[in-house]
Amino acid sequence: MTLSIPTISLDDAKRVIAAAEAESSTQGQPSNIAVVDAGGNLVAHVRIDGAWLGSIDISINKAFTARAFDTATKDLGDLAQPGEQFYGIHASNDGRVMIFAGGIPLERGGQVVGAVGVSGGTGDQDQAVAEAAASAF
Amino acid sequence: MTLSIPTISLDDAKRVIAAAEAESSTQGQPSNIAVVDAGGNLVAHVRIDGAWLGSIDISINKAFTARAFDTATKDLGDLAQPGEQFYGIHASNDGRVMIFAGGIPLERGGQVVGAVGVSGGTGDQDQAVAEAAASAF
Amino acid sequence: MTLSIPTISLDDAKRVIAAAEAESSTQGQPSNIAVVDAGGNLVAHVRIDGAWLGSIDISINKAFTARAFDTATKDLGDLAQPGEQFYGIHASNDGRVMIFAGGIPLERGGQVVGAVGVSGGTGDQDQAVAEAAASAF
Amino acid sequence: MTLSIPTISLDDAKRVIAAAEAESSTQGQPSNIAVVDAGGNLVAHVRIDGAWLGSIDISINKAFTARAFDTATKDLGDLAQPGEQFYGIHASNDGRVMIFAGGIPLERGGQVVGAVGVSGGTGDQDQAVAEAAASAF
């Protein structure tokens, strides 16, 4: 029996990113925005003019992380604090696991089909942009 | 004099993994399960359908860690908290040291001959699956 | 519109690996055997007793490569020789691209749903084991 | 005196990528397409549905390479063959230097302001898509 898994198309990814760009612009805080598919692989990325260079990698890896654990990076971050059950998880996966706000799984029909990652502002800003992105999916 | 060290065979590793698969299924929480030998090198790995992608690396490295320090990763985690004697150890070994529950050394005749690593659920779930695996050895 | 892609199950991966183990045993040359899914992520791996330690990574990355380019690593290798169109591709993807025989895409219904990678012997041996594995799919 | 360097905006990058998408579609060969700025840092990336997973990294790094040396990767490739003056350059920069066709510098007013990288087909296909992209700049 062949398994079949739903995943995100480039068209969907572009719509998600456009929503994130709009929210980022509203905030006046330039962001990097990335979308990965069900396999955790990059589908699309944009860096708004003036956004942090260090956030290219972070946005891509927030998206990776949100799909890799089917969990928002903000929530994973709570579980990854000292003394908590996943403390140290940020050292795994060759340093690709991001444990602060801005990565959100994208779901359809109750299944995670990809994820969006945002980086460039404060945790609250990144989270708001990622939520706007996820809402557009 | 030539040293000789006991290590785990592929047959043993498969039995250990089968026990882990059964426990994971009982819990209804899909896991990644890995076994390493006395040299800390991978013998076998399985990812149950639907288990977290980010847990592939973690399961393998929990097993590596448990053999690398002949210590359960849960116990190493206690020693690796801020202020404790091994704080920071997760940055060593190119990020391969996992400091949360789910990795257990496999012993025979009082010697560590390998280790099992489990990842895919909560710390308690991963630990329970790893204990079921170790019991089958 | 949500895309849906076929991928390989753990059950299928185990059957593929069992066929590879049998062929490896027939040859008397112990192998590492790995299977990845449609996303290029590891589903299962075994190292037959006595197989090369350096082949753990190679088997996994041969499988990754065969899916990453939907091409057998043997054929990719021909295109990656000095003077050929993909010379230098082995430096990409953080060194995960293997350009010698032993990695084969797994197809069903005309679509690549994963791949198998074999390492532990000569190129001809690895290729024969991988072909036996793919035939069992 | 403060230096000022011209670089590419996200708007320009999107136009370049749209032209590449159109050419890729005309060819019927799905591509990964990436644009980097004057600093060699990623501005935008898209993976057309069905394009090779291994080409994500390659498209980004072809763009990086074309800007890093202000040279098309096809031309750098000629200089990087065994016996030539840059043989071995693909091992530098942590494996980010791509030495086969598909990466082209983007120039304005005689200055390189960024680069485009394309991966997903043969060398000739990637080059044609990258040229279409560069022409749109």
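The first chain written gets the first letter, and so on, giving A, B, C and D; residue counts start at 1 in each chain.
We take it that a contact is a pair of C-beta atoms (placed from the backbone, for glycine too) under 8 Å apart; a residue touches a chain by one contact, two chains touch by 3 or more.
These figures come from a predicted structure and were not determined experimentally.
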Practice problem: Would you pick out the chains that touch subunit A and also touch subunit D? | Solution: C
Practice problem: Select, from A-C and B-C, the pair of chains that is joined by more C-beta pairs in contact. | Solution: A-C
Quiz item: Is it true that over half of the residue numbers where subunit A touches subunit B are used by both copies, so same, or is it different?
Solution: different
Quiz item: Using mean CA coordinates as chain centres, what's the subunit B-subunit D distance in Å?
Solution: 42
Quiz prompt | Intercentroid distance (Cα basis), subunit C paired with subunit A, Å | solution = 30
Exercise. Go ahead and note the Å separation of the Cα centroids belonging to subunit B and subunit C.
Key: 25
Practice problem: Two or more other chains in contact with one residue: find those residues in subunit B. | Solution: 49, 53
Quiz item: Which word fits how the chains touch one another: line, ring, star, complete or other?
Solution: other
Practice problem: For this structure, give each pair of chains that are touching. | Solution: A-B, A-C, A-D, B-C, C-D
Quiz prompt | Touching residues on subunit D, where the partner in the complex is subunit A | solution = 9-10, 13-14, 39, 41-49, 53, 56
Quiz prompt | Complex contacts: residues of subunit B adjacent to subunit A | solution = 49, 52-55, 57-58, 61, 77, 80-82, 90-91, 95, 97-101, 122-124
Self-check item: Sites on subunit A touched by subunit B in the complex
Solution: 3, 39-40, 64-65, 67-70, 82-83, 85-89, 91-95, 97
Self-check item: Residue ranges of subunit A in contact with subunit C within the complex
Solution: 1-9, 11-12, 37-41, 108-109, 113
